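Take a look at these structures.
Each of the two complexes below includes chain A, the first together with chain B, the second together with chain C.
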Partner chain A sequence: MNISLVRIDDRLIHGQVTTAWLRQYPAEVIFVIGDSVAANPFQKVVLQTTAPAGVTVEVMDTATAAAELIRRSQDSRNVALILTRPADIVHLVEQGIPIRSVNVGGMQPHTGSRQVAKSVSVDQADELAFRHLFEKGVELEIRMVPTDKKQDLAKILGFTR
Partner chain B sequence: MFRQALLVALVAGAWEWITVLPAMIAAVLRKKDSTFNSWLIAFFKSIDSAAFYSPVVTAFLTGLVLGDVKTGLLVGSTVQLMFIGVFIVGASIPPNPRLASILATALCILTGASTGEALTIVVPVSVLSQLLTTLFMTLNVFFLHWADKMAEEGKIVNIDLLNTLNGIGWQAVEVIPAFLGVYFGVDLTKSLIATIPEVVSKGLGLSAGLLPALGFGMLLVIIANRRVWPFFFVGFLLATYVKMNAIAVAMLGVCLALIYDHLRNSRSASRVDSALTEAPYGSPEREAVSSDTASPGKAALGGEDIAGVFWRSFNFAGNYNFERLMALGMASMMVPVLRRLARTKEEIVSGLKRHLVFYNSHPYLGAMITGVVAAMEVQKAQGAAIKDEDINGVKTAMMGPFAGVGDSLFWGTLHPIYLSITAALAAQGNPVAPFLAWFFIGGTAVAGHWFFLNYGFRWGTDVLAKIRESNVIERVAGGAKIVGILVAGAMIATLVSVKTTLVLSIGGGSIAIQPILDQILPNLLPLCLVFIVYGLLKRHMSPIVVMLILMAIGILGAWLGFLG
Partner chain C sequence: MPRMTAIVVLSHGSLSKGLVEAACMIAGKSSKLEYVCLEEGEGPESFRRKVDAVLNTFSEDDVLFLVDLFGGTPSNIASMLFLERAQADTGGQTSECTKPPVEQGSQGEVAALASGRRRSFALVTGVNLGMLLEAINNRANMRPDELASHLVEVAPATIVDLGRVLLEGVRKPS
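Showing the complex of A and B:
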């Protein structure tokens, strides 16, 4: 499958995704990836019930996502990956999934996190995961919608090569 | 000028401080909601919704208080068309045309500037509105933390009052600049306009015809797909050759959408709830959609309590902030529920704290989540084994996906239809336009809040099974898209105006280009312009940049003489 978008957003699929991202980065399939969402049957049903027209939503944990992306590598459809934490992307990258750029859309504040942009708060584990991605050469950009100006998360977190 | 500035400030939102606010405060301080008072607030809020989303309404009202309705309608129409397809999604705040439409109208009327000249302030003022909104959202975090302390002490009235004042106080972001803009701006504008060269002001007049291409380009980005493109051209051809007007095209669109829906569903009636039937009985998927948290008895909450949630739902973004977005709004909507259900102060404290967490959804579809949450609160109070995290789990699971549906259906499809139709009427100077906008937008707001709230409360978490069974989301969204793109196609032909004055000289004779183009396809240039804008936006160009480019084309066109 051709990965059209990799987005971190803990609200998962919402207006910014349906009215903006899917319009400018079209995808026929959305993988919603995360161990906790995959273990939540209610959330799974909500996501599938509200899938945008013409889009299939599949909810799965990180290990399954990596396996599925490899298994369906010959599938010609576009897939958008929506995740909640950067550590999950590290896992995918380590499994050999080709990810060159990560869009950071929204990470809610929680205990132990610090706010680094209007809608982005990271804790130490996130920061480590982002550093790992940065060192692998993955672009890390903050945008809520595609027409926003890209903010370089690596620069904000002070990563240097 | 003081009197005019004051009147314009009233239009910009200060009118709510003397109408809605007393009604709200009465309900809050009396600690009791009445159905009448709630519907009175909803009535005023329908006007507020129309003014919030439709520049035709605000510009008309500005024209009305300053004694020139016609200018108001013209300016409102142009500004409205520029911003079709621009709306708030999530915490992403775009430039906002409301204040700009008010000031542009006021300055036009008070200085005698032309519509084209007044448009120059639309870009900077809409960006100023965007900055002020963002600033206010940053300040709101302070109020949110204040509310956290109130929740700790169980001060339910204070929380209710805070969100009410916060929401209505937000109008100051437009009221103050509107007042200052008129009070100090008129003389300044007069002297500035005197310095504008004639060719520039002619060019700006031309760009007023080009700018609607931006709104329609944005709209196409949101709703166009392979399935609905043919309807776009049907709309375009009907308006070009048959000269059908906006309302007729919209009615035709509704008919086509119904026929399309009928054909589709008679062919594939069986695939509707396949996903649900695939899940075997007893599996988590089955359990999830029909758990025992569903369908409460209505006994525990009275009609006036639901009416109390209803009026508060208009204020649910009253404390919109970048930390937890609509957390305080959600807590305030739960005030009538908690007041009725909580038996001890501890239950009030834990109830308020339970709802002061990150929350963000669509105003209308989100009201359904509020209803579901209220239903769960009732069951919790009746002794069902529902934990705090169950309620928040349902909220978190539903808020994003339903916002996704609501944003694309209401902001991305229905509003653009309303805005296109009313802008078309306003462009002809028809004073019915703002009232129609009020009817459409305000009506949708009131009906949306009321219907979805009650629907969610009636069915509890069973709403999901209900929605799945009827396949209603896909059908409504699909049908609305057809109407939307048909209207867009027609309105491009009517409202985008590009005409070239180019003349080719071949040998001794000369040939004007425009008549030749008209023989191929009338309105070919507007169509091309919209597609160019669409292409630029698809390549992620910012709408504000496109707006500036269009204005530059207008000025160049007047200067070099290729547009007329």
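Showing the complex of A and C:
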């Protein structure tokens, strides 16, 4: 499958994603990836019943996502990956999934996190994961909606090559 | 006698606040009518806490959620609450990961159990002022699920291509 969008958003699929992002980055399939969301049957039902028309939503843990993306590499459809934590993207990249750019759309503050941009708060683990992605040459950009100007998260976090 | 169903309007931004204020302008002040606004940049967890806080004020009442947009965060949070409520009614065989939050077992739940019936939830998307007024006017004599079907049935009538209807009225020979 061709990855059209990789987005970190703890709201997962919501109005901005279905109306704005999928219009700009069309995908027939959305993978919602995360160990906790995959373990929550209610959330799975909600995500699947509210899928936009013509889009299949699959909810899975990180290991399954990596395996499925490899297994379906010949599938010609576009897939959008929605995740909540950058560490999960590191896992995918380490499994050889080709990810060149990550859109950061929403990370709520939590214990131990610090706010680095409007709607983006990261803890140490997130920062390490972002640094790892940056070192692999992955673009890290903050935008809530596609028409926003890209903010360079690597620059904000002070990463240098 | 059916219990009076509480109404909670959920929306992006201050739409829900405005709808409730407008409804009060037309129908007068109404009890058990609340709203919760998802602020810009607010996450689902914070929004859910606000909804839970409102639900706790209704104790054992049945609740109808009216939400602005199918598939948006307010709709998704209400869906989670609805499914958790439904699961609790079918025996409560929740696994570790799906345990409802700590608000469970509140005084309201206990009171509802004591009265022989648990509170029930219903959920309708695409709220507008006409729909909200219809809900307020019918909530005393309908269960939440009946109220939800009724609203979906009458909602199309609140949306009218009025210009066309007026022109037809003008052209009609009297």
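Here is the rule we go by: the second predicted complex is superposed on the first by the 161 of 161 C-alpha atoms of A that agree within 3 Å, B and C clash if a C-alpha of one lies under 4 Å from a C-alpha of the other, contacts with A are read in each partner's own complex, and residues count from 1 in each chain.
Keep this in mind: a contact is a pair of C-beta atoms (placed from the backbone, for glycine too) under 8 Å apart; a residue touches a chain by one contact, two chains touch by 3 or more.
Nothing here was measured: the structure is a model prediction, and the numbers come from that model.
*Asks:* When the two structures are laid over each other on chain A, do chain B and chain C clash or fit?
*Replies:* After superposition on chain A, chain B vs chain C: clash.
*Asks:* A:112 in the overlay: touching chain B, chain C, both, or neither? Say first, second, both or neither.
*Replies:* After superposing on A, A:112 lies clear of both chain B and chain C.
*Asks:* Determine, under the contact definition given at the top, whether A:44 touches first (chain B), second (chain C), both, or neither.
*Replies:* Touch partner of A:44: chain B, not chain C.
*Asks:* Output check: A:96 vs chain B and chain C. Expected answer is one of first, second, both, neither. What do you get?
*Replies:* In the superposed model, A:96 contacts neither chain B nor chain C.
*Asks:* Touching A:36 in the superposition: chain B (first), chain C (second), both, neither?
*Replies:* A:36: touches chain C, not chain B.
*Asks:* Can A:18 be said to touch chain B (first), chain C (second), both, or neither?
*Replies:* Both partners, chain B and chain C.
*Asks:* Considering only the touch criterion stated at the top, classify A:52 as touching first (chain B), second (chain C), both, or neither.
*Replies:* It touches chain B and chain C both.
*Asks:* Which chain makes contact with more of the residues of chain A, chain B or else chain C?
*Replies:* Looking at chain A, the partner in contact with more of its residues is B.
*Asks:* Using the superposition on chain A described above, determine whether A:148 touches chain B (first), chain C (second), both, or neither.
*Replies:* first
*Asks:* Could you name the one stretch of chain B listed in 2-10, 38-46 or 92-100 that collides with chain C in the superposition?
*Replies:* Among 2-10, 38-46 or 92-100, only one stretch of chain B overlaps chain C, namely 38-46.
*Asks:* Starting from the residues of chain A touching chain B, keep only those that also touch chain C in the other complex, and list them.
*Replies:* Touching chain B and chain C on chain A: residues 11-15, 18, 40-43, 45-47, 49-50, 52, 106, 108, 118-119, 144.
*Asks:* Considering only the defined contacts, which chain B positions touch chain A in the complex?
*Replies:* Residues of chain B touching chain A: 89-92, 134, 221-222, 225, 227, 275, 284-285, 287-289, 291, 322-324, 358, 360-362, 393-394, 396-408, 411-412, 461, 464, 467-468, 473-474, 477-478, 481, 537-538, 540-543.
*Asks:* Please give the residue numbers of chain A that touch chain B in the complex, ascending.
*Replies:* Listed in rising order, the residues are 11-20, 23-24, 40-50, 52-54, 106, 108-109, 115, 118-119, 144-149.
*Asks:* Which chain C residues qualify as touching chain A in the complex?
*Replies:* It comes out as residues 12, 41, 43-46, 69-73, 75-76, 79-80, 83-84, 87, 95, 97-98.
*Asks:* Residue numbers of chain A touching chain C in their complex, please.
*Replies:* It is residues 10-15, 18, 36, 39-43, 45-47, 49-52, 106, 108, 118-119, 144 of chain A that touch chain C.
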